[in-house]
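One structure, pasted below without further comment.
Labels for the chains are A, B, C, D, E and F, by order of writing; each one numbers its residues from 1.
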């Protein structure tokens, strides 16, 4: 949690979906600083609400539950859905049908801003010796990345047609620390994640903006030039972990797709091959 | 039908899906020239096969039926699925689940080339005074366009991961003749459609290539420079219809989204608003 | 004059300014085919109107005269103003103050489409071994080119702010025939000029579009890709004059700015140096 | 004023025009550090010269006065002219005729470097969710922006034709502090303004270079990549004001052109509508 | 040979190197139409001169011989050197040392225009499903392509430093007819070769221009947009051979580098692996 | 030497060529920290090896010596060859034949990573008011730059064909301190040189990557965006020398090619003119 909130702008009611997921758990206590009421939801029971919280249970596949979930909400931080490579069916349910249900609920409830947890796996089939920007054609590295690309396009449609604004965060690797050399490029600290989410929530005009979620790492494959209007300024860096990570992982097998492509492990293994 | 086939290259067995649809009906007799056996399919019964044909009934949502449908096939011309703006559910079924089933069936059956009927509605929210190329970020104009963008990304994934090649045809307006001034830009004759499909089937190396499907029209919004390796050379043009079309439709309401955006009528009306 | 009009679309009243200028004289009889009434104007008296014509005298510097001139007009073909390199004062009067007066008159009279005779001299300081498109930063070759760049920017402003559409024609060299080797690149036949003006008048949506005015010449320095929505298809070519022109002008002095820069003679000599 | 001059390079005589204007008043005491003599001018009387100063009164519209003003000058910092949206006539006089007079005076007096106070309003009709670079086609948001675009093109001409170098500063918002959320993107401190002007004056080779004038703000719409040779490194940032500004202006009306376009207030209101 | 010369421009003395090579033999009788004297050279004896010819023997590695060879010459058509993949040593001698000797001889003799037979193998490691333009970074497919890239850079240097102009022709496959499906993309007829060489010789200003040498083929991987100022308009096309070629070569092995890369056979086999 | 090594990754045996050259001497003691054995070589005798060193004498022109030199080596830092503008012959020997011998030796010995000391003189004929990225077409400023462009293309070939990875460092000016105003843009400290070499050695996947070698200077002409995957983060800057350098060199002669072009002194003088 940042010592001081990243912005004094307060929402009456923010919704955080996927509140029991890895990043949801990180964001839940942090987002309270930015709203009067933080509504948190998950597909499973979240227990009793904390101070300033509302708790709801809602499955993304359940259209009516989603409609109720977004009622009275100013903005959504959508961390829900499947967040790893999985077989097609759960990804279809959570990330395709679920994303549609979310945006329909936003449209019907008049919600005007969504922070969408997209993923670097939308472009995971670019090589690790390529630097791409946010307009490069997508190259998903699996069904998960494919479903996130769908979500981004859905967000674009809902902006072009109904004026609902989205910031699609192509999150790299948000963990306590980078665990391998790939993550020296993709890592984003939890504090920077908070900064990025808040920047997306508070930037005055965003239309549909795509931005890669990463800290200020020396090594990077991604260029956020087209998203500078978001005002995201990372203050952490994977560089402080470099020595330790490189000491642990001295060698790279350059013929392994895991080493070659930006998607890393998502490229190589899947439950579906 | 072209007087002479566009290529002497022959496939043992070609599959045409959506054979009872508007473009399917046009392509069905034409494709017989390029294969020993033309397998045609539709969700509803197609009646008795013609000479050199095999007829199968298969719904795109039916995984097993799709698996059987692609068995023994060299290449697929995928015209099946929903081809107009519709509510979400039928589009989900036919164009998202259906596309997945088709590609899985291709992967399991070792089919290596697919011609995918995508649509100009993938980029329908660009303005009619903009010229875009095939790498411009997508801006679908509705659920139909959104589902076609999904299909293109799916095709990219199946190429990057499993080497299945696809030519995604962003078909403009393939009708006997252009019926309004928008179609002076988007029109593609049936003969040019045949040329384009055959070019896609016979080009030696295509990876995943996106190409707009249009005749050699004086007015156009689309630049196919990145797809020149397909070898598509249109020989028809909307220009011969210009006088008649313009005479019929003298005025344009420039404030109407239908006139402003490339997607035309798809932008303005939908069953879902 | 084309044997057959380039379009059946007819305007009630078209205004042609600069009707006694070089290109105005060419266009005057041609434009009658596209309107019920052709209003023609010049700073000096044009004599009696022809059939289907209205004649007005108006100086571009005269705000009130311009306001009256555009009253009741559907669209304007603005060929008026200074069309050669001149000292600053006449260019200021005719092409800067005059352009402002024209657009103000259009705004006040509700005129919604202007064809603006801009010039290749807006980019005359690019070299003859460079190919530029319509988005390249301007490099005017003199006060004339500078004033035309002003006119284009004015057109952009009146579109962005008040929705008045303009097609800015960066005319190359519109003469009966190319007279030197530079014109093999820049030449536009009078018939192609008519085609271009009519395309600009009748294209459904143009916003503010810049397009170079040239025939289908083998040699060219300009790329109109971004203006394909205008639907201009030149049918003439400088190629038929190539032999004669090259025979006449066998040698080029490559150190002469006139030979080096696209602006040709405009680069080298001026009344102001 | 910087504690220490930004460069030890000294000019014999620098000219600062518009010395009584908002930015002129800021720059006047600062520029003394960079020259033996600072000539300051304004259209109205500036009173007695300070130490190391020469004072002249000169109206930009007055050709002869401008010729005298630039006599014996090494370089010009041109802050004069109209600096707000105004009706056409004063803008024409000060910023179009005036800019011409300035450059003609430079040419006749052999002055070889000009720092031209252009403006972000040259591109004010881009949206606040777009990031543009210095080569994007101009989209002025009013007559003021239009006149600054003219000045930039004039500068390009005088470089291409006569070798007079200019750095055109597209100044964002140079005030003591940002007063609204738009200025979090556009703000430039007075110290950074000094750094930018001095960088422009002392960079060895500039040709005609366009650069946006802003501090090191987290939020920005502008990319100065093409101007890195100027060597401008901002040391201030609007970020330190963010909390206060956002607390004061919690909400944005996203349908208001003032919020939507980069030009902000200049887009919405004008004395001329 | 063209029925009529492609241009009436005549040189006093043209030099054709490599006159006994495959393309040299084609060009030798054709070039006589464009000069008073055609000097032809080869490393081996060319026999007696024809009418209007001078014959010289000169090895590219022989500095003095090259100096003599270019004496009194207006322009050079440089077809000499190694033109197939070879071990390093002969390529070094003919195409690197030889190219240097040629340009030094041009500089010392005041020759101001060279047509340099470069090759598509300069970019042979791009894939056959990619379309590149003449500014794409080079990716040579072997020592031959590498040496041609050297020649192009040498040409650039001699233009930037000494004003010697070159048109570098990245020749595809210039044969009587395309012999396989790759050549449907790369083929250039001998007549088009003549048109291209003459366009390069006679274009007024070329600096150093790179252009791909191909006929007007439906299938292509190369975009000559940046070279339109050369005025090359191909009039032949591989399309007339398509049926025959495709009938002969029905299948492609998409895993074979020969099929995958633009360089074709040059990619796969070499005397050096 | 950095206080602490830039990376804990250690090689068994690193080769440093040109160890007695200017940069070789700087790198020799620094590289010992990154390997068990540092093999150093030069064309002349290097004397007795230091601790952890192997010393070899090898001329780049000597194929067999190079083959022996790379035997048993993990990676090469190639600082050898000619590093100033020279007549053609020594450059041919050291930088063209020598580079070929080095890469052949790498291929035969199975060496998989090379750091190649290229040079900013590969693009020295761009102007000092232009900012270029690493994909801009090369414009060498002399034979030295030409030979470095050859080396880069050779590296590309050996990656595309044989999978040998290279980072080509286009080194600016690596000296103890910048000595003139040009070097304020081009300077790279020795510490940053070490950081850059180590980044190139340890980045997991590099293919063939080009990167400009410079410190974090305020003034720059080069954009390394496409090389961010290398993870090079300069920590020094020419800015600390700016005052002193500018005080010493107050004036620039803008008509001197040395001042105008990025190559500086290499553009103007040569042993060969």
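As a working rule, a residue touches a chain if its C-beta (ideal position, glycine included) is under 8 Å from a C-beta of that chain, and two chains touch if they have at least 3 such contacts.
Note that the structure is a prediction, hence the values are computed from the model and not measured.
Taking the definition of touch as given, a chain qualifies here only if it contacts subunit A and subunit F alike; those chains are D. Subunit C has its Cα centroid 51 Å from the Cα centroid of subunit A. Separating the centre of subunit D from that of subunit F, both taken as means of CA atoms, is a distance of 40 Å.
Within subunit A, no positions touching two or more other chains are listed. Applying the touch definition to every pair of chains gives A-B, A-D, A-F, B-C, B-E, C-D, C-E, D-F, E-F. By the touch criterion stated above, subunit F contacts subunit A in their complex at residues 7-10, 112, 163, 165, 199, 202-207, 209, 225-233.
Residues of subunit E that touch subunit F in their complex: 88, 92, 96-97, 100, 104, 125, 135, 137-143, 145-146, 149-150, 153-154, 156-157, 160-161, 267. By the touch rule above, subunit B contacts subunit C in their complex via residues 127-131, 181-182, 184-185, 217-221, 223, 239, 242-243, 246-247, 250, 252, 254, 259-260.
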